[in-house]
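Shared between the two complexes below is chain A, which has chain B as its partner in the first and chain C in the second.
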Partner chain A sequence: MAPAAAASPAAQPTPPSLSLPPSQFARLQPHAYLLAHLSPPTTSNHPSIRANGRAPTQFRVTSANTGSLTHTNGSAVVRVGETAAVCGVRAELLHTADIASWSVTQPSTGSANKRRKLVDPTLKASETAGDGDDEESSDKDESHIEDLNLLVPNLSLSTGCAPGFIPGAPPSALAQSLSQQILSLLHSTRLVRADDLRIWYQPPNLGPEDLERHNESEQMDVDAEAEGEKNREIKAFWVLYIDVMIISLAGNPFDAAWASVLAALRDTKLPKAWWDIDNETVVCSDAVSDARKLSLRGMPVASSFCVFEADAAAGWRAVILPDAEEERKIAEDNRRGAQRRWILADPDGYEEGLSQERACIVVDKEQGGNGKTVVVKMEKNGGWAIDGRELRQLVDVSSQRWDHIRQILEQC
Partner chain B sequence: MVGPNVTLTPLSRADGSASYQCPSTGSNILGSVNAPVELPGRRDALKPEEATVEVFVKPGTAPAGVGERYVEGIIKTMISRLILGREKGYPRRGVVITLAIVGGQSARRGDSYLTLLPALLNTSLLALLSASVPMSMTFSATSLAVTSTGDILREPTAEVASSAASVHVLAFSSKGHLLLNESQGAFDLDTWDNVRERALAICRGTASYGSDGDVTMSVDVDGQPLEGTIREAVEDQVHRDYAWSIDAV
Partner chain C sequence: MADRKRINGPPSGTKPPVFASSTKASGRPQRQRQPNDLRKLFLKTGLIPSASGSAYLEFEPSASLSAARSSPQSLIPPSSALKLACTVHGPKPLPRSATFSPNLVLTTHVKYAPFAARTRKGHIRDSSERDLGVHLETALRGVIVAERWPKSGLDITITILEAEDDRWWGDTPDSHDAPWGMMNVLAGCITAASAAIADARIDCIDLVTGGVAALVSDQTAEGEASSPKLMLDTDPAEHKAILSACVVAYMPSRDEITELWLKGDSSSVSLEKGDSRSGHDALIDGAVDAARGAHTVLAEAVRESAARHSGLPVDAATT
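The block that comes next holds the complex of A and B.
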């Protein structure tokens, strides 16, 4: 009766007082409504489909647009179905003179470099064994981003994006934990290169030194160059303020927010900046042609999933739950007969309200999509339906999603 | 491998409490549970047929920030699935779990909380047991780091974790389900399978099924499995609490 009411209320010629339109049925009995869609009676020819018309592993239509905000260094709007996220990246200068611990931790770049080189061989021996050039440039250098907080993401949900979030209210626990997730993903993927954010100063070689060198052998020239390289010092850093506003929330905020951060960072252009010795300050070039884009490491793409259980009471009924081995046998049986749980990709708000177990997988593909899939982050929480085998399937789904998102991001 | 140092019910005013010290990471967590309690919030905001679970994490030296909000969310999602919040007396009430990091390093801004997470989870389980909150199953959690050479290290410190290729936190239920997985850093699924196997051995031991269907937990390189440690801590506590009745016999 339930699926009939859900699927074709108009087909029944019953008096109107007794039949409910699907939208009302969805509100009154949300669990039964979704279940009726996912497991239609065998007598009817309806395929198993989600209430929103998608197949279980189908994502919502995604679109992205970059450079919409003119006052930012980079911006993007990403829409995943009804969920929309706007991200703006603003760059500000941080003078090393303003960093309290700078002179202590970095006595002079020359000696720091030297020490780095001395320490490195022991460190590298274990590092380079793993994999190649990417690790090479980035062990200690990258720590600037984390130590000096050069990336400051913030996510705001207080925009009236959904009825539960009052505009102007303090950031909710969800908004705070999403900000933290974005920050830790930016750090763990090392998406932004620290070298892109540094502003160097190379003191000019002054006359007297040159003259002295002139009379001596050629070897000194090499030394002089090394000397120059040694004197190079960092005068300032760019700090990137990455602000995400969810302007419409219909489930799965993390995927949309992360995609918008990624698109905005790909769009970000930093003006050419240099240290002006006379004014003792950093000056920036006005010319757009001088500005350069960030060179990001890879392109991690997030995909989220939720688990819908046929038995709504599975979690809280005080029965003895089957242990993992028995569970696997039941799952085997179920593959032939009726399914009792579904893993739904990219859940919308309605589905999120009906499920407790979530998974989020962030993947990247090496060498622009030709290499193998690397998992960058994998989360699973709130239940026991997803284990090794399911995660393997989800990584496959996520890597397909990666191809799709790459197309979208490269077009915009 | 030295097992964790566990004390049950160190606090007398809370309904249940536990302190947990992990020797390899040096983290020391004090947890308390109050349940069921009337929450001061609006009555209509509480779920009518279920208990509301609240988790608070207090770092040792600083006020709680976004990192704590995030880890509170993880613990809350996992625990609220295990608590039988529909038992008598629980609907419309709250289960409040407070975890204070009293020793070891605290995480700074942007640091991953993964090295602290297993200790926080194990503490909250012990505190819930101490408060006799009804639960569908127990669990045990551990963290592992994979170095760039592919070695798997158990319960890494924050320094080891920051230089590792990937860090994983896994929690297994007393029935062998994978309850939680938090992995950070680049890895592939074959590595993850090894990590899962090792984590299962740490949490539940390499279980062998006896002829009578009993599970015997064997002791190997990882020492006594965590689940056994937790079980023994509770057994010892119960034995002490009921000493009067045992001695009387």
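The block that comes next holds the complex of A and C.
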């Protein structure tokens, strides 16, 4: 094959006959250029390194900054190398009266509530003492957030971040798919607790004896919580508009976008809100001391990888089944010490253009980093190179990345 | 019809939160600067490597805003400071379908981020954003030497991450009301776009900068309206009533104006004693002065960009 032949003369690091500067050569022969970096000749003592100077499993320098935007409830700027994402979270109110199906679906959940209440007295202590992560409440959580669209992430690439995206045009396929990936990851990780988004109303219990007991002090809801939870009702929800603007795109937008969403949600403060019965609306307190942060479930961190094949025509093969002949050759090469494919972490725009196969792994660690690693999402497409063994290694790399990202997010 | 290419919120729509406190405890932020004192600018070029030229511009937060940042009391920000990113793509060949053009075809695009302003902005450009784009285009068209690039296009995209307020949040809209914040945004857009064009190394006849001046009548402590004063680089949140405002795009070395946008009624305004200029003249002079002030920052940013292109060591230029 021609590309393979082209790759071998390029394997010399800088042949004296080559009068082109490296940047020109990178443009003319991108595949050969990257290959020459990754597989230096055995005679030279150059290490195998990517064209951007990183080791294969090395991520780009990441930095994060939160809370710099004035008109948001929470905001973050995350830079991963030269990719920059700005995320702003804004909370608005959704009254249950405005939800068309609310009064229809409510009785059913109400009965579920009642059923729960019958078993509750025994469970109550453990439930309130625990972190509220029990099965039943989480079921309800998901249904509210998902059914009512309480989380609205949108990612915009039409900010002039890269030449290909026309500003003003409807979102490109990439922007749409990234928005959907963020949404599905928000739902599947159950990062935001629905309980944080609910605004409850406890009607005052105006029974004669209660009236005497409570009318002088305003401690009604403290007591009432214990005795009469049955007429407590949800009056409104917070809806979080999570807007991500990719300001600069140089490969791997998903990791940067997700990190910015995570950092912005960690920064988000919701004002204290209550139902005002006289005006029949929800009002909020503007005091910062009343506002509370979201309590997120864990901290899932995304890491993306791509596979670079030494055979430039790998993308042309009809990939239906792994070619036994090909696999045998690669295995043989590996034994001889000549690597034929590389898994590159956090690919930049140049490397993304040269690879077919992608993998994205989202991991979290239990108990704030001390527990075991949990794979939250694993996605892989475009080829056969990453198999079970490699995936296991990638999960290890991702869990190291998790530690690193946690450090960055905790500092900002 | 719902936008099917984006993720939409609840179909019934949502309402911004209403705050209960009617105290407005902090009161209107006060201008701490002298009338002819400008806010500091942060301008940096070359932050977006995939673009041929780029710039990021940020205004210094006002005293009240930085106080609110360091020790937050209220969730309602007292004012806001402009933050925007500008990218230039091109010159690049025009699409095949385009008609022949002997000059560079300039396209400007200004978009607010959804979280840029006090009320949430939509994803599709509204009329004020298109308006800003047109103003920016007129400001820049006179600067670029367009004959050098026949049959080519130049795209300038500005993303506003945080915009200026049109008035103090506690004020209700009144007769003096107009989108004053837009004028500050335009001035910032012009300066940033000028830096980005220079960063893309596109030939210009001069470095154009934007400047804003306004005639304001502030109430004194006794509650009586004083005679209108000329202020440079006004933050609309800091003033009770802006009578008229003006934004110019100005080229200092040629002493030319490529864009002039004046709003409000300044003809009947009499300035302080000893100033025989008409309101119009005073406003335009003030805006030009403001643009001259921004020019020093711009020149520094362009110098830094040139040093980066020529491979010299870059020392951070912040003013």
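What we mean here is this: the second predicted complex is superposed on the first by the 329 of 412 C-alpha atoms of A that agree within 3 Å, B and C clash if a C-alpha of one lies under 4 Å from a C-alpha of the other, contacts with A are read in each partner's own complex, and residues count from 1 in each chain.
Following the convention adopted for this analysis, a residue touches a chain if its C-beta (ideal position, glycine included) is under 8 Å from a C-beta of that chain, and two chains touch if they have at least 3 such contacts.
Everything numeric in this text was worked out from a predicted model, so none of it was measured.
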With both complexes overlaid on chain A, does A:A55 touch chain B (first), chain C (second), both or neither?
neither
Based on the superposed arrangement, let me know which partner A:I99 touches: chain B (first), chain C (second), both, or neither?
second
Is A:S188 touching anything from chain B or chain C once the two structures are fitted on A? First, second, both or neither.
first
A:A291 in the overlay: touching chain B, chain C, both, or neither? Say first, second, both or neither.
second
Look at A:K372 in the shared chain and tell me whether it touches chain B only, chain C only, both, or neither; answer first, second, both or neither.
first
Quick one: is A:W384 in contact with chain B, with chain C, with both, or with neither? Answer first, second, both or neither.
first
Could you say whether A:S179 touches chain B, chain C, both of them, or neither, answering first, second, both or neither?
both
Return first, second, both or neither, reflecting whether A:S156 touches chain B, chain C, both chains, or no partner chain.
second
Footprint intersection on chain A (chain B / chain C) at 149, 176, 179-180, 183
Can you tell me which positions in chain B touch chain A when the two form their complex?
50, 66-67, 69-70, 72-74, 77-78, 80-81, 84-87, 109-112, 134, 136-137, 147-150, 165, 173, 175-189, 192-193, 196
List the residues on chain A that touch chain B in their complex, please.
126-127, 129-131, 135, 146, 149, 173-174, 176-177, 179-181, 183-184, 187-189, 315-316, 318, 321-325, 327, 356-358, 364, 372-384, 386-388, 391-392, 395
Over in the complex, which chain C residues touch chain A? Could you list them?
5-21, 47-51, 54, 65, 72-77, 80-81, 83, 85-89, 92, 109, 111, 113-118, 120, 123, 125, 155-159, 161-162
Provide the residue numbers of chain A that touch chain C in the complex, in ascending order.
69-72, 75, 82, 84, 86, 88-95, 98-100, 148-150, 152-154, 156, 158-163, 167-168, 170-171, 176, 179-180, 183, 239, 241, 243, 245, 247-250, 269, 271, 273, 276, 281-288, 291, 349
